[in-house]
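Okay, so subunit A shows up in both of these, paired with subunit B first and subunit C after.
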Partner chain A sequence: MTQRTLGITILALLFLGAVAIPFTGNGYILSLFYTSALFTGLAYGWNIISGYAGYLSFGQITFFGIGAYIVAIGTTRFHAPWYLCALVAGVFCAALAVPMGWLMLRLKGPFFALGMLGLAQSLRISTDLIPWTGGADGIYLPPGSNGVQVYYWTLAVLILAIVLTATIDRNAFGLRLRALREDERAAGTLGVDTTTTKVKAFILSAIIPALLGGGYAWYLTYVEPSSIYSTEIELQTVAMAILGGMGTLWGPFVGGILMSQISQALSTKFPQTHLMIFGALVVALLLALPRGIVPTVVDKLQGKRKPPEPEPAPLAQTEVVT
Partner chain B sequence: MSALLEIDHVSRSFGGLRAVNDVSFTVGEGEIVSIIGPNGAGKTTLFNVISGLFPPSSGDVRFCGKSLVGMPTHRIAQSGIGRTYQVVRPFIRLSVIDNVAVGALAHAPNYRTARKVAAEILDMVEIGHLAETPASSLTLTQRKRVEIARALATRPKLLLLDEVMAGLNPTEVDRMCGFILGLREHGIAAVGSIEHLMRFVMKISDRIIVLDFGRKIAEGTPKEIASHPDVIAAYFGSPLET
Partner chain C sequence: MHLELVVQLVINGLLLGGVFALAALGLNIIFGVTRIVNLAHGQLIILTALICSTLFQRFNITPLEVLPLAVIAGMGVGTVLERTLLRRLPEHQQTAETTSLLITFGVSYFLIGLSLAIFTGDFRSVGYLTSSWTIGGVDIAKAQFLAFALALFLAAILAVLLRSTPVGRALRAASQNVDGARACGIDIDQMRTLSFTLGIGIAAAAGCLLSMIYAYNPDTGSQFTLIAFSIVVLGGRGSYAGSVLGAALLGLAVSFVGFYGNTHLGSMMPYVVFILVLLFRPQGILGKAVA
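Then we have the complex of A and B:
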């Protein structure tokens, strides 16, 4: 069996397994897999702007939150079906990401990361203060929540995110993203329209959490600012994507599934201290695998097959500037 | 020869420092022009102004008759000005061929075509065998070649080579000379900046422009420049009065 057919077989089995989960009729298992699909999907969304384009964001939860609130408000005030509201949320966040990205992506490195964090926090506080969002009391969604529906929705968004990433991984847009991640100025002088390229990446990284947030509101049946614009969800997503391997196709998948399962097992076993243990685990894994799981494993596998490079990494900085 | 690039009374200041001060010259199609001058003469600043990294404080830069002032960097690159950097900056986590494919995307419709173009250019600069190597594991000489290949992939009419000889040994300098002379056959003009290596400058330049403290102090053929009193003064100091 070639590597490719093996890979496709594994993916097909995983897919069938994921589709079959609701048929177990076990609510706990469904919630486990829902959470994994949700976090993995969020990690994929984050990976485009932060992994491929290199703009580390601590604020993509903003779009998740907006998605959740659009569904909450749409279903309670306008009695619209939740999935329609979630689709509207995707479109709305795509549109919102254009001016927001254009503005925020002028910030570089830590300034962008902090700027996005600030944006998410200010939105959370605004939601607290504005009456028609339910303020700090939140909104109870109308009855009819259906975990299976939301699970399939989330699974569909996750698959969309994977297909999208697989495309980006092998196309011109993805190459431009990786180039500007490495050196934005050099990319510009090679004809890459860096502003447009990164705003496009930002749009994609806004649509995915918006769609997922929409489902999340319907799943929880209740939204309130601090549990929706949740720093905990944001940081876990970021940790998963980084641990799996930023800017790789399978990094968010491995990191998302693995860490969300571990995190859930920990929170059942150690309800008081699970975040502390999770944090320690993240630190330990990052020390052991600084580039993430997927790149390290890929290197190990390729190292066995390929002979070592004849001329290994000398002098980048030793150039004599005469 | 019609003028491809026109530098028209360009100045660029940083705070109180006039890095480039009222410089004018033109470059014709397929011409090889060297800009020489000691460290800090304003060579790199001039290149940065031409490639749009920052605008001139005053003056105009025209390419094929169109002003480049205020045009975004990528548009300048797409319109036919390629450049290399003094401190080479390959995309180190990308493979060599992907590095070059980024430049090729300026004209190639998709990734596959861009890689095909990139492979041809890598063969041209004799590093085809390194295509799949990550740029991080290249030597300086190889990095310089990637840098040039990348710029060539944008299909430039004019190539700005910033200190392309710096850090190369004499054999490599000779090969680089051959390569730059080869550009002419492809109808590509080149402007190179260079601090030392007069031997090389004399050999390949059609014209030489001398900068000193941001000002153009001389312009002419290699022969004229070699005997120009201001140039001699800038490089070797004024003769002692006895």
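Then we have the complex of A and C:
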């Protein structure tokens, strides 16, 4: 229990510091913190469907993009306050995630991963076909210094995502998700309603990027298909969550903060080659710590107290003989 | 004339399908033997195409002259890739699947960065053989035709290699049944490496041919991974004839929808086909039902 209290205290202090950032009045520092909070939040969103439920998705950017466009259209066409539009985007994406998840989550492994990537790509391409989006020209939002507002919004969404994940991490729903990840058929036999469970996880993983995307549009004051349905944002998010530790409560936090700082430091030091260096780093870390930073560190710490668990029997081998 | 238009669209679609087939064959060979979906496949194709465009612009070396070297270099890259990064995967099949997806995903990220650093994000193409033949009111672009013919030629060589040589038969055996193949004394590790050697070699060839008929920048790589993967899914996993058929069908779909709908709908076809096939006929056209 003391460990938990310590964790909460450290986290509270961190957020107190994060809340104080805009008072420094330094735009550069604000943008650094905004980016970290944004990516960490996205990594948390991704972690629910891909980390806990084990459905690796390369297309959660779809919801981020839809969120951004809803805010852009809402504020320019209907002159609605942006945060209201962002909330609408969250609700809309939650509703959209039901049929989409029901359809797409029948696919497994690489087929789901690439299917989601394809969905994001087709949405990017088809922006021209949707009215009010301005096609490839994009939409200009009312200009202004929106940094501080969006920063607090993003922090709030991040806290929401962490609280949500903390709840899932210890409740029965989270257990069902993990059962699904380990063996979907077995989970089904044990009475887990697999379809409902994974669609619910998918909905949660859609709401968070939608809320963040809404803020992002207001922050950038300009939306355009390729910068909104951005492959780079998607790839970075996935890399951060994986390197931190998929399916863990603190993995996205560690991965998100650490990797977004590294990524930003690289992009200022090596403007030409930073993506390449980041990519090489991702591969190297994947090979060195295949399960991510958090599970590896936790194992190291606990290894001193607990004896290692016995190796599970190789089930796959026995099936083959027949 | 209406008929001429249809013939034109069919020809355009089939010519496009030829290069698509090459992109998909490489992916299919790798997937067949190793069950690894190489997410970096499209990036490798585009990287080759970008190199071709630079060589053409700077030194006036045509993609056809680059092709043999590119295939050899691609085979080298494929071998190294498998030997260094994808050799030791976990035993458990689902974990192995996830790990290999993540590693090839990391490689594709690295390759996007590499291509952007060297070639910037500008769209490029090779202005080689830009004229076309006109036969009975139907235009055949020379570059498209050449790319198509070479793609078919390479696919035929590959077919002979896979069907009639001992190594090719071993590779197909490993693809059909790993344990059976191992029991017959086939070195599975060697076959895994070989599948990458061949697969990436073919990807490099596809990149050279593609450079003549497409405009591309480093970001288009993931599109080609998806196109190649949707063809593999459409034709049937592990079925090489299926890949060629799937590529032709997809080429036709892009060509017709692009004309009668619009170009945006046309370029969406790979994803639409991919999702529809997976949902309604997951084993593909020529594939066998998966247990």
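FYI, the second predicted complex is superposed on the first by the 298 of 322 C-alpha atoms of A that agree within 3 Å, B and C clash if a C-alpha of one lies under 4 Å from a C-alpha of the other, contacts with A are read in each partner's own complex, and residues count from 1 in each chain.
Here is the rule we use: a residue touches a chain if its C-beta (ideal position, glycine included) is under 8 Å from a C-beta of that chain, and two chains touch if they have at least 3 such contacts.
All of these numbers come straight from a predicted model, not from anything done at the bench.
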Quick one: classify A:25 as touching subunit B (first), subunit C (second), both or neither.
neither
In the overlaid three-chain picture, which partner chain does A:176 touch, first (subunit B) or second (subunit C), both, or neither?
first
The chain contacting more residues of subunit A, comparing subunit B with subunit C, is C
Is A:193 touching the first partner subunit B, the second partner subunit C, both, or neither of them?
first
According to the stated criteria, A:131 is in contact with first (subunit B), second (subunit C), both, or neither; which is it?
neither
By the touch definition at the top of the document, which applies to A:117: first (subunit B), second (subunit C), both, or neither?
second
Between subunit B (first) and subunit C (second), which, if any, makes contact with A:185: first, second, both or neither?
first
So which bits of subunit A does subunit B touch that subunit C touches too?
314, 316, 320
Which residues of subunit B touch subunit A in the complex?
51-53, 72-78, 82-83, 85-89, 91-94, 98, 101-103, 105-106, 108, 110-111, 114, 133, 136-140, 142-143, 150-151, 153-154, 163, 166-167, 195-196
Counting only contacts in the complex, subunit A reaches subunit C at residues 54, 56, 58, 103-104, 106-107, 109-111, 113-115, 117-119, 121-122, 125-126, 128-129, 226, 231, 235, 238-239, 242, 272-280, 282-283, 286-287, 290, 314, 316, 320
Across the complex, what residues on subunit C touch subunit A?
37, 39, 85, 90-94, 97-99, 101-103, 105-107, 109-114, 116-117, 179, 219, 222-223, 225-226, 229-230, 233, 262, 264-265, 267-268, 270-272, 274-275, 278-279
Subunit A contacts subunit B in the complex at 170-172, 174-176, 178-179, 182-183, 185-195, 309, 311-316, 318-322
